[in-house]
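The two complexes that follow have subunit A in common; it is paired with subunit B in the first and with subunit C in the second.
For the complex of A and B:
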């Protein structure tokens, strides 16, 4: 959780993540349900360095409050946000 | 079609193949399906792990540039890998259907769903000219023997209860070249196929693959040849960095030089402008552009009447490759683009040796762990114009001819934005009549939106269109740049 009390959503747009599907996450903000929008802080990174170990096949990576989601899709990310908010 | 799951699978296979080649582990290729779906792994998509492995094995065959159609299922991936290494040139047919991945969709037909309310008016029954609809147990039922799939009943149903079941690949093909065979699986008729790639993008099971030439390109690098990459104008925005960084990534991956195909597009624009002016002065009714490889195949295979109206101008890829070969006679010229049809064009082109698509370029970066954002900017040796850089977006080609013509008030450009059964019918009509009511310079793009909508793109066309235009707008006008001198074409 950020100091602001918001959930931190970090997207990786490094080459590996982008090629393996992060391009689909570029519009993620428009998929966040309106009631949660002001509760999520979205940050884009050039590379989160998660692909550097041998698990690169699990890209694209996303971090939600530091927790890593691998093979991230819009659905997975939105579900994780809802889980965080609703406990 | 935008599908993360299927693109992920295709790309993961490519990454593994490239890694195997580079790390000299081609002998271990037979393990690929097992490494992607190890014992007790989750089965995300299909009925069982064995089916998933069988599909992955066949995807790898396509990734090695070989036909899945002739797979005897006994030959191991290691043996296929050796075949890929041993071949002198890529296969002539450029697409292959991964039969195990093909769902064998139910044949396309009109179908009454359970939403039928069994109404009293029964407009479906009275509208059907073929007497194919009867009421059974209070609901409409279509007799498949009599139904001609006209869809009239769909249009009159007050509950929208009647639908057309589609076969996505058949539905997307503008020329009826892909149909289901007697086993219910998709099969491509290569005599009809125009290599537009519509089926590749449309299949929700990603069963249609391009035969990759990536091993062939890596082999040329390994042999110590000077390998030159020619980047299609649509590359701008495919990754979230500048084209200069993408080009530098290619250098890091083993290419010796990188050219912008937009530079060759300037030759196309100027040549086409001269061609157009001459034709109009000779009293021709209209001229079509000739830079879209799928359109060129459409004319050659299906609309020969259009040949006299098609510009004689060669494509940006051709001119770029000619420039490459004039400058470096012993080099290997590799076109990198989003397009299936370019593979076919390259086979006939005197100067282009190989074609890679953007997915393969991306897979190459992943396999070699190249983070393009961290690289310095590559400096292109040649300066391409705004107009050449805009070839990737619908309307860009016609606009380039218009600008290159300078003052020519008799020019009325129009665009065929995407090949589909209707636009193919229009083109046939114009060719037959020798007249086009829409304009006298017709730009044809097989993909709706232009090359940025090609089937092997990494980023969505809404974003790349904007990026291509921004990049083009920062460049000089074609008329402010010097002419490009070429030796006579072979």
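For the complex of A and C:
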């Protein structure tokens, strides 16, 4: 969790992530349930440099409080946020 | 102190005669970056429409080809002057032309036959030159005007077809047309108002103003303005792709940072690498525009975009040509490219294995190939000086 107490959600807009589906994640903020909205801080990156390392599985990648989610989709990310908040 | 090099910024803008579907004036140009010289021809074909288009294109292409193949500009144009046919009805030449060859040092040779005399603007005023007149051995009514001089920094030359100087002819206000004097006054005013106006911008303004003189603002003839502006070059450096040898990242980052001119980074990994080496932060815009990833920002860099998708899109847009470039990362990169005279690419040769994953939904081009195609179109169609450096 960030200093602000918010969950940090980091998106990768690098080439591989973008063509593998990150383009659909840019609207993620609008899918976050209203009660959690002010608890998440969304930030985009030029590239998280994860696709070059085969141990991280497949793009697109998202980081939630530093934890890597591979093959990220809107559903997967929302579920991960809910898990974080609800413990 | 290193010798200051200058740039020959040229551009031509044209409008067709109203109601015609082909241009009766033809502009052709080629820049030879290695030899430091540039050739350009503006030809005006007799009449308008397809016939004029063919005559003008033929004349301009032939002159350019002759000079390209090593013939002196005077010899080349003399051959053309002597061989151009005469219109059976009007008994005048089929096409007129202005041709010039200019070096990076500003040495210029100009040959004109039949077009309005060019205008030379220096320090806001006109400089007149005495031509050497060469008369055709075959057609005594054909004369070539030959000029040979050296341009000084900030000099401008304006060439045009008679559609410009004769615009508005016959109207109450411009009985004899706008004429060369009117054009000079207009150009002096424009340059005074905007002393660094680019050739492209000035050529547009001249043609627009000429057409404003016509009744109902409809061009009565083909209208072309060709502008040359001898000035300090606007340099752009584009760093795209991580260097092949990682141990030289710091060295290349310094070259990038020290570069005098505008800078762009095309590639997410490259941007991260430079941010790391230069100790700066990057922020990425959260929303993508169009079908491309969003742009990012870093201190000291004019534009940061994603890599291969954006480059491929830039190539596609340049090939298609637009009046207004799409509002996305590629459009922003194109604006930067076209607003520069000398474009330097530093192309990192390291491959990203993930781009070759057969599961990717689309095939990604190899960066090197896309940049090579970009070089071709930027130096060909857009007359830019392009340097490639593979690292």
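Everything below uses one rule, namely that the second predicted complex is superposed on the first by the 84 of 87 C-alpha atoms of A that agree within 3 Å, B and C clash if a C-alpha of one lies under 4 Å from a C-alpha of the other, contacts with A are read in each partner's own complex, and residues count from 1 in each chain.
Keep this in mind: a contact is a pair of C-beta atoms (placed from the backbone, for glycine too) under 8 Å apart; a residue touches a chain by one contact, two chains touch by 3 or more.
Note that the structure is predicted; figures quoted are calculated from it, not measured.
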Subunit A as common anchor, with subunit B and subunit C clashing or fitting: clash
Subunit B versus subunit C as contact partner of A:47, first or second or both or neither: both
Which superposed partner A:20 touches (first subunit B, second subunit C, both, neither): both
Residue contacts with subunit A in the superposition, subunit B compared against subunit C: C
Partner chain(s) touched by A:73 [first = subunit B, second = subunit C, both, neither]: first
Superposition clash, subunit C versus subunit B, among 25-33, 115-123, 277-285 or 313-321: 313-321
Common interface residues of subunit A - those touching subunit B in one complex and subunit C in the other: 13-16, 18-20, 23, 26, 46-47, 51-52, 59
Residues of subunit C defined as touching subunit A within the complex: 267-269, 271-272, 282, 284-288, 291, 293-294, 296, 304, 306-309, 352-355, 357, 359-362, 364
Footprint of subunit C on subunit A - complex, ascending: 11-16, 18-20, 22-23, 26, 29, 42-47, 49, 51-52, 54, 58-59
Residue ranges of subunit A touching subunit B (in the complex, touch as defined): 13-16, 18-21, 23-24, 26, 46-47, 51-52, 56-57, 59, 71, 73
Subunit A-touching residues of subunit B, taken from the complex the two chains share: 2, 4-5, 7-8, 11-12, 15, 36, 239-240, 249, 359, 362-363, 365-366, 369-374, 458-460, 463
